[in-house]
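Next come two complexes, and both contain chain A; in the first it sits with chain B, in the second with chain C.
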Partner chain A sequence: MSRAALLVLADGRFPAGGHAHSGGAEAAVKAGRVTGAASLEEFCRGRLHTAGLVSAALAAAAAAGADPVSLDAAADARTPSSALRVAARKLGRQLMRAARATWPSAELDAVAREFPKGAHQPVVLGLAARAAGLGAVDAAYCSAYESVSGAASATVRLLSLDPFDATGVLARLAPELDRVADAAVEAARRVGDEGVEVLPAASAPLLEIGAEVHAAWAVRLFAS
Partner chain B sequence: MHLDHSHHHTPAVSADAHRPDGSRRALRVGLGGPVGSGKTATVAALCRALRDELSLAVVTNDIYTREDAEFLLREAVLPPERITAVETGACPHTAIRDDISANLEAVEDLEDEVGPLDLILVESGGDNLTATFSKGLVDAQIFVIDVAGGDDIPRKGGPGVTTADLLVVNKTDLAPYVGSDLARMAADAKAQRAELPVVFQSLRSEAGVADVAGWVRARLAAWRA
Partner chain C sequence: MTVPGVRATARIGARADGRGGTALPVLEGEGPIALRRTRGSGPGAHVVLVGAMSGPLGGDHFTVVADVAEGARLRVGSAAATIALPGQTKDEARYDVRLCVADGGELQWLPEQLISAHGSDLYVGTQVDLGANARLVLREEQVLGRVGEEPGRLTSRLTVRIAGRTVLDQELACGLGAPGGWDGPAVLAGHRAVGQLVVVRPEFADEPAVARVVGETAAVTPLAGPAVLVTAVAPDALRLRRVLDEALVTLEGSPAERTA
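Let's look at the complex of A and B:
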């Protein structure tokens, strides 16, 4: 594997549509739940251990070669909010385009044909990692990190938060990110023998509710 | 204009001149420029001028609302299924230049859903003088400024003013009221752009969008050639 490929895939500037999404931060800011660096850290911690853990495990399983169709169904089952399912598929489709252009692969082409309107983003992320020659651990880290980095950079724009404070939040979450990635990889490892049921199903009801509320706003900065 | 690129092996990349079924895709023209310069009004006028001779559609990139899309819908310049709004996460230039994936999806979905198109206009959210479209998204771009935004804009230059395939100086009818010197704007634009064309327009005049529409027709003829 190439460690440098991981940097390419994990780069926030990788052109896969993420910049237009806030990871629920816009809804949380509007509701007064995120008002500064301290509450951003709590918000990101919550995301990391719920949506982040689930997406990291899906990504790790996909990178390890589990069936993408089963993983996509597992992602659906773990995403109660219809708005979030729509956003995950949009982002999956956008990531698929970027991944196919960056690391052409027959496997990616086949999944793109299977899901013309997009598979869930973490599943595509795992497949992209695989196409890039990366493994389950890399995919888990990428996905877990994305689950908090997008929300942090969106909050910089939403609150005019000091960008150094937002980056500090991410740095302080690093040890927990390690543990989430470990747990995700361990769950993904069992998928081969035991099926997708063993994948974590941690849920954050406020993220789901916030996403539904956000999708109904007439005026918003972010798509989700 | 024909986009030259090296991705023939992968239909994932949308600068491809052909759609997955082998048919030639629509010409894509981007319209960018500062807030309030008249991008949406120009798009609306272009739709009225061209809709009877061409099959066309519009993608808008609103910064935080669907205002531009809704303006076009309200003005009924095209049927609603031919107008799509892309959300840009507070960064309009990112969505047209650095990460074009949402816009590519929008143009592809329009071609899939409303049938063969000749032309898709991609309107940027109002931005600053550095905003330009990626060549992976559009085949040609128009930069729209206006006389009321300051007659020194052509002199200041910037990527939009200097590199756009067409520079439109809009609202020329306002020049006497805001003290803008059109001759100076023309001379500055010439100095910045050399042979690249510039159109001075007032959508309130009889000629309206005719010059820009003519330029689009010529682009389309070249695209099809």
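Let's look at the complex of A and C:
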């Protein structure tokens, strides 16, 4: 296992298209729910313990070798917003392209064929981690961190927030990120014996509603 | 000191009576949950859940099971809101709802709100298993705290399977002791009422519902299957019900369907 591979996969400059998505931050900023560093922190905290936990568990399970088709169906059931399902598949397809070019693997090729429109991004992330020789813990961290870092950097652009403040938010969330990654790996470990039903299903009503509100806008800065 | 909580299971079984109506061969309340068949319009059977005591309290475990057979139509409501209260023990209370609708059956599950009182700790698990051509309308509303009161801890998981395939699996945790951010801008943002409405209809397979928003705090969205979910948050129970009712009326094709 290469620690450097984790840095490559987790790098915000990894060309997988994530920068075009705000993780719901654009809708929350427009609605006046996120107005500065303090509300951004609460936004990210809520996201981390809901969508972040679910994504991290899916990624960890995929990295550990669970069946990608079952994981993708579990992701669908945990993503009631159709706008978010579309965004997750689009991101999954982009990540799949980047991952196949970076870490060629027969397993990635097979999943790309199975899901021509893209599988859910966290599932692809887990498979990419696997192809890079990384494990479930790495995939969980990568996914959990991504669930908040994207929203934080989007908010820097949306609110002209001081980037130091946004990074401070991420640093303060680190202990909770550790706990979310642990819980995700623990759930993923049980998938082999007990099936995908054991994966967390934590939901955030305003993320789901906000995604649909956002998708209905004529003009937006971010894709989701 | 350990005080055992109340364990109670109520069962409803609905069958087509062969004359176009629905019979209820099973209608068994237990302990604090009583069941009453009521008169209603339309060919379906109507049942009201009556809470004979308050609860569930900490340590209690209530279960309600409803089984709708092929061709039967059942509508279940409740006489009043359910209030989760603290018990003599610090244990979590649990409320399980298991709903099964066979192919060609129809269930409308429309209970009143669940109110999480200060100091309570309740886990609600709702599992719905539907045949490929079953129909469902299910409403779930949670109110965090009575008027002016901080809520207790409430965790609610809702799973809907159609022909064995899970189309919805959602858990919401809120209140004291819930994971951080539950009342923040990503989850509830200070709203004290949250609800979901699930509508399953075989026709959605060929003609999926179109996603749309209802104001800024509710959305109607097609699920990955012949089903639609309405998610809403609101400042209070009254306004939540208004939004969910409005969404239901626009989803229901004809008035006949509303009176199963």
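The working rule: the second predicted complex is superposed on the first by the 224 of 224 C-alpha atoms of A that agree within 3 Å, B and C clash if a C-alpha of one lies under 4 Å from a C-alpha of the other, contacts with A are read in each partner's own complex, and residues count from 1 in each chain.
Everything that follows uses one rule, which is that a residue touches a chain if its C-beta (ideal position, glycine included) is under 8 Å from a C-beta of that chain, and two chains touch if they have at least 3 such contacts.
This structure is a prediction, so every number in the text was calculated from the model and none was measured.
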item: Partner chain(s) touched by A:Ala74 [first = chain B, second = chain C, both, neither]; value: second
item: Which superposed partner A:Arg13 touches (first chain B, second chain C, both, neither); value: first
item: Chain B versus chain C as contact partner of A:Ser82, first or second or both or neither; value: second
item: First (chain B), second (chain C), both or neither touched by A:Val219; value: first
item: Chain A residues touched - chain C or chain B, whichever exceeds; value: C
item: First (chain B), second (chain C), both or neither touched by A:Gly46; value: second
item: First, second, both or neither for A:Ser2, with chain B first and chain C second; value: neither
item: Touching both chain B and chain C, residues of chain A; value: none
item: Interfacial residue positions of chain B with respect to chain A in the complex; value: 7, 9-10, 12-14, 63-66, 87-91, 94-95, 98-102, 104-105
item: Residues on chain A engaged by chain B in the complex (per definition of touch); value: 13, 15-22, 90, 93-98, 100-101, 104, 112, 154, 157-158, 218-223
item: Touching residues (chain side chain A, partner chain C) in the complex; value: 24, 28, 31, 33-34, 39, 42-50, 53, 73-74, 76-78, 80-83, 85, 176, 197, 200-209, 211-213, 215-216
item: Chain A partner contacts - residues on chain C that touch it in the complex; value: 157, 159, 165-173, 179-182, 184-189, 194, 211-213, 216-224, 229, 231-233
